[in-house]
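Right after this note come the structures.
In the two complexes below, chain A is the common chain; its partner is chain B in one and chain C in the other.
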Partner chain A sequence: MSRKLPKYFFNFVCLLVYIFLLAPIVVVLLSSLTTTEYIVFPPEGLTLRWYTELIEHPEFMQSFTLSIIVALGTAIIATAIGTLASLAFVRRQFKGKTAIVQLVGSPLLIPSVVFGVALLQFYSWIGLAASPLALILGHIILTVPFVMRLVVASLVGFDRSIEQAALNLGAGPMKVFFQITLPIIKSGVIAGAIFAFITSFDDLTVALFIVSTDVVTLPVRIYTYMQYQYDPIITSVSSIMILFTVVLMLIIERVLGVGKVFSSKN
Partner chain B sequence: MQAGIGTEHDLLLQQKKKNMNKKRLDTWLLLLPTLGIFIFFFLLPLFFLFMTSFKNFDASTGVGNEWTLQNYIKFMSDPFYLGVVWRTVKIALLTTLITIIISYPVAFQISRSKGRARNYLTLLVLSPLLISMVISWVILLSNNGVVNTTLLKMGWIDQPLTLLYTELSVVIGMVHVLFPYMVLSIMGSLEKIDPSVIRASQNLGASSFRTFFSILLPLTLPGVFAGSVMVFSLSVSSFVTPAILGGPQVKVMSYLTYEQVAVMLNWPYGGAIGFLLILIATITIIAYSKILARSEKGVAIQ
Partner chain C sequence: MSYLSLENVVKTFNKTEVVKKLSLDIQKGELVSFLGPSGCGKTTTLNMIAGFLEVDGGKIEVDGKPVHLLPPYKREMGMVFQNYALFPHMTVFDNVAYGLKLRKVPKTEISKRVLEALEMVRLDGYEKRYPKELSGGQQQRVSLARALVIKPKVLLLDEPLSNLDAKLRQEMREEIVEIQKQVGITTIFVTHDQEEALAISDRIAVMYEGRIEQVDDPASIYNHPKTDFVSQFIGEVNHIQGKVLETYENKKCKMHFFGNEQIVSVPSVKNSEVHFFIRPEKIQIALAESDESFQTRVERKMFLGAKTRYILKVQDRHLIADISNTVINPTEIKEGNSVYTYWNPEDLLPSRMAR
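Right after this comes the complex of A and B.
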C-alpha cells in the first residue's frame, strides 16, 4: 500500500493539471447556454438563445467572415511560399544561408506588439489602408516560421533517388514536384497550413493595430466588445471559435497524428 | 579525333556550368517570395520604428524632426517605468517557475503512455497553444465569476476576492498559455533517456525519490532549461494575456508600448519601449546560448 501511495499522489497531481488546462473551455462552453442576462457558471437553465442572438449582431458575423478570409489567405500564401523556401533551405547551399534562416525564424522572438506597431507605422507611410490584404501580409510574417519548421522536418530524410528516377524517365521538374515531391511531404505541408490558419484566426495583437472601423477581425471584435459590455454573447462567440479550432485540431489528429507532427520538433 | 574529344569535353563543362547557374538561379527563385515579404513587411517596418524611437515627440504629427536619445533616457531614469520593467520580469519569472513545477509530472506521464492515450493527452496538453482561452479566464476570475461564486456558496469567504486585473490573474493566464512549450521541451529530453538506466537504479534499491533526484532530474535538466528560456522570453513579450487579464491595473512593458502608441499617440516613446522589450528578450536568449556553449550538453532551442 505505502509503495503505491506516491503513484496515486502523482496521478492526482497530473489530473489537477489536466483540469486546469480544460477548465476554461468547459466553463465557456457551458456558460454560453445560460438563460440569464449575465454570465454565470454553472448555467441557469439551458437555451441556445445567445447563439441565435448572434444573428442580430451582424457585426460579429461580418468579423467572423473576415477572419475566415484572412486566415484562409494567410494559410494558402504562407504555406506556398514557406514550402518553396524550405526546399531551398534543405536542398541547396548558398551564400548568406544562416542569415536568411535567422531572419525567417525571428518573428518568433520579436514581441508581436512591437511588430504590430511597426507594421501600422509602415502601412500609414506607404498608404496601405486596413484591408484583408494588409492583415494577410502581417499574418504571413507570423506564420511562415511555423510552416517552414514543419515542412523542413518532412523534407529531411527524403529519398531523392525517386525524383531522380522520374527526371530520368523524362518528367519535367514541375511534374516531378507535383506528382512526387509534394505527395511525399504532404503531411508537413497540411500541418503547416492548418497551423497558419489557426494562428491567423486567433491573432489579436497584430490585428489590433491594423484594423479599422469597417475591417475588424473576430478576436478584435470580442476584445473591444468586452471593454464596454459583459454579457453571455461573449461566451457564445468564444464557444464558436473554440469549437471551430477543436474541429481543426481533430483533423490534424485524424490525418497525421499529433504525435507525428510534434515528434519532428524534438 | 583529339579536337573532337576536346570540344566534347568543353561542351560537357559548359553544360555543367549552365546547370550550376540554372540551379543558383532557381534557388533564388525559391527564396524570393519569402525573402521579399520578410524584407518589405518585417525588416523595413522594424527598422523604421527603430529610427522613430530616436525622434522627439510632436503633439500634432506624433513624430518630430529632431534626433534625440530622450525617449530611452526618460524610460530608464523614471522609477515608475523601471517598476514596470521589474513587474514584467517578475511575472515572467513566476510563470516560468510554476510552469516547470506543473509540467514535469505531466511530461513524465505522457512520455510513459502509449498509443491512443498518448495522442489524446498530447492534444490536451497542446490545446492552450491552439485555442485562445484568455476570455475564459475572465469569466472564471471576475468578481462575480465562477471561482468567487463557488467560494461564496461554500461559505469560505464573505465577499468576493479581487482576482481579475491583478498580477495573480496575469500569471495564471500566462502559465496556461505557455504550459505547452515547457511540456514539449521536457518530454523531448525525457524520451532521450534509456529506460534501462531507471530500471537499473530501481534494481539497485534506490527509492523513487532517489531515482528522480539523482537520475531523472539531472538528465532532463537541459530540457527544463530550454523550456524555461522559451517560456520566459515569450512571457516577457506577450501582450494579449496581460492586456485582458491585467489591463491598465497591471501594466507590463508590452502594454505600455500599446498604450503609448494607441492611446497617447506618442510613437517615438512607444517605439523606444518596444525596442527595450526586444533587448530584454534577446539578452535572455543570448545568455542562455552562452551557458549552453559552456556546458556542451544542453539541447538547442527549437
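Right after this comes the complex of A and C.
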C-alpha cells in the first residue's frame, strides 16, 4: 500500500519548503543594498548607504534599545512566572486548577488585536501610562503560556525520586530546586525564555495599542515609518533585526547548543 | 537496645489506614527485609522512615532519639531507589560527592571518600562518566555508593534490584549483603521477591495490609510460618483439609483425609475439621504402597531441571509435589500413572483457615 517516494523527491519538497520560508528574509536583506531611493528587488547596484543613513535616524536606535529592554524584561519575568506555574500545574492538585490553567493559556486563543484593545482599556482605567513597564506587563501575559508549554513538557516524566534522593542526602528544598530540579529542566526553561524574548521583540499588534510618542518599540517604529516613507531604510533596519536574532541564536548555540535546548531532552 | 525502632506507626491516605499501628525494633548492624505484596504498606513505611511521608501516629526513633518530626534532609539516612534516581546532570563523581559537599567536607577529603566509595562498589575509573552512560547495574552501584559515602545512620533500600535482569539481580544482592556486613550498617531492604528476602536478610518482616504478620529469621519464616498469609506468601503450599477422628492428650489428634489416617499435633475437637498446608517439596511419592501413603494419579509432570513437579489428583483435589530428580527418576513415572503419596506429619503447617 504505502509505496515509498523516491529520496530525491522528498529532498526536493524539503528544498521548496525551505525556499518558501527563507525567501522573504533574503529579499529583505538584498533589497537593503539597493542604490535606488525606493525598495526594489532584485536590488539595483550595491551600497551600504541605507545603513549609514540610519545614523541620521536616532529614533530607530532608541526603539531598538527599548525593544531589547522590554524583550529582556519580559523573558526574565515570564520565564520565572511560567516555570513556577508549570511546577504547580504538574505537581500540585488544587481547587480550580483547570480553570486557572485555561485562563493563563487564553492569550494563545484571543486574537492579539482584541488583546491589545483590552490592554489599552485596562491601562487607562488603572491609570498606567505608556512605559517600558506597561509593555513588559502586556508581553508577560502574552508569553507566559509559551513558557508554560515548554516547561511543562520538560517536567512531564520528571522522576521525582531524584529530588527525594537529594533531600535524603541532606539538601533543603531550596537547594533541591536550584541544584537538582532547575538544572534538569534547564532546556525547557531556556527554550521558554528564548520564545518569550522573540515573541516580545517581534510583537507589533499588542505594542501598537500601548506605545506613545516617546515609547515606541522597533516593530511599531518600522510600521509607522512605512506609512509615510517607503525607502530602503526600512529594509536596512529589518536586516539589522534579522541579523540580531541570528547572532542571538548563534550565541545560544555556542553556549548551550540549540538542538539541545529545543529537544527538551537532556 | 534496639537501634531503629518503630512504635505504633500509622499512615492514612484518604481515610484508609495503609499502615496500621506498626511496631518493629531493629538492632544495630542488622539487615531487615520488608517483604509483602504490592499495597501492603512496605514502601509507605520506608518512606516514613526516610521522612518523605509524615507519620499520622506513633513514633520512629534512631539511636534513642525521635526522628519522625524531622524533615528528610536532617535524618542522616542513606536511600537507594528502585529506579536509581541518580542526578542526570552530574558525573558519577559529583553524584557521589553531592552529600559530602552539602556537609561542607573539605575538598581533599571529599575526593578521597568518593574514590573509596566507588572502589567499594567496584566502579573505580568511572568517575567522569554520566549516569546515562552506565548500565542499570552500574547505576545502582553508584546509587549505593552515594548513599553510603555520607556514613548514614540507616541504609534504606527500596526494591533496589527489581529493575535488573535475573542474573544481575543475584550478583547484586550478594554484593549488597557483602558491603552491608563490611560496613556494618543497619539496613532496611524493601522487596516483594521472597527469594531475595530469604537469601539476604538477618530477619524478614512479612507485611500484609498495613500490618507486620511475622518478624523472624528466614528459616523460621519458611519453616514455622505463624499465619496463613505467611504460609501462602512465602514459598508455595498445598491446602489439606481433614476431619478429626480422635483426640489424644498432649494436643495430638487422629485426622482423616483422602481416605487415609494420620496422627498430627494440633489441638482440636473431635469431629471438627482441621486445615493444614504442606509445601510441595515435603510431599513424597513412591511406586509401591505403604502404611502411610494414599493413592494419587499423576495428571501432569513438569521437568524443572534439578527437580520435577508432579500435579497429583486425589479425589477431586490437586496436590503439587516437587521431587528431586535424584530421588525419583522422572522417566519412571508417566502422566496418568498411579503413585503412592505420603508425607511426614511434622512437615504439615497448621492453618487457621476455615474454608
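Criterion: the second predicted complex is superposed on the first by the 228 of 266 C-alpha atoms of A that agree within 3 Å, B and C clash if a C-alpha of one lies under 4 Å from a C-alpha of the other, contacts with A are read in each partner's own complex, and residues count from 1 in each chain.
Keep this in mind: a contact is a pair of C-beta atoms (placed from the backbone, for glycine too) under 8 Å apart; a residue touches a chain by one contact, two chains touch by 3 or more.
All of these numbers come straight from a predicted model, not from anything done at the bench.
Novice: Report for A:162: first if it touches chain B alone, second if chain C alone, otherwise both or neither.
Specialist: Touch partner of A:162: chain C, not chain B.
Novice: More residues of chain A in touch with chain C or with chain B?
Specialist: Partner with more touched residues of chain A: B.
Novice: Once chain A of both complexes is superposed, is A:171 in touch with chain B (first), chain C (second), both, or neither?
Specialist: Touch partner of A:171: chain C, not chain B.
Novice: Classify the contacts of A:184 with the two partner chains as first (chain B alone), second (chain C alone), both, or neither.
Specialist: So A:184 only meets chain C here.
Novice: Report for A:6: first if it touches chain B alone, second if chain C alone, otherwise both or neither.
Specialist: After superposing on A, A:6 lies in contact with chain B but is clear of chain C.
Novice: Which residues would you name on chain A as touching chain B in one complex and chain C in the other?
Specialist: Residues 266, which sit in both footprints.
Novice: Can you name the residues of chain C that touch chain A in the complex?
Specialist: So the residues of chain C touching chain A come out as 50-52, 71-79, 81-83, 85-89, 98-99, 102-103, 132, 143, 146-147, 150.
Novice: Using the touch rule from the top, collect the residues of chain A that touch chain C in their complex.
Specialist: 159, 161-162, 164-172, 175, 180, 183-184, 186, 266
Novice: Could you list, by residue number, the parts of chain B that touch chain A in their complex?
Specialist: Those residues of chain B that touch chain A are 23-24, 27-28, 30-31, 33-35, 37-38, 41-46, 48-49, 52, 102, 105-106, 109, 118-119, 122-128, 130-133, 135-140, 142, 144-146, 149, 176, 179, 184, 187-188, 191, 208-209, 233, 236-240, 244, 254, 257-258, 261-262, 267, 270-271, 274-275, 277-278, 281-282, 285, 302.
Novice: Of all residues in chain A, which touch chain B in the complex?
Specialist: Chain A residues touching chain B: 6, 10-11, 13-14, 17-18, 20-25, 27-28, 31, 38-41, 80-82, 84-85, 87-88, 92, 94, 100, 103-104, 106-107, 109-115, 117-122, 125, 137-138, 140-141, 144, 149, 198, 202, 204-205, 208-209, 219, 222-223, 226, 230, 234-235, 238, 241-242, 245-246, 248-249, 253, 257-259, 262, 265-266.
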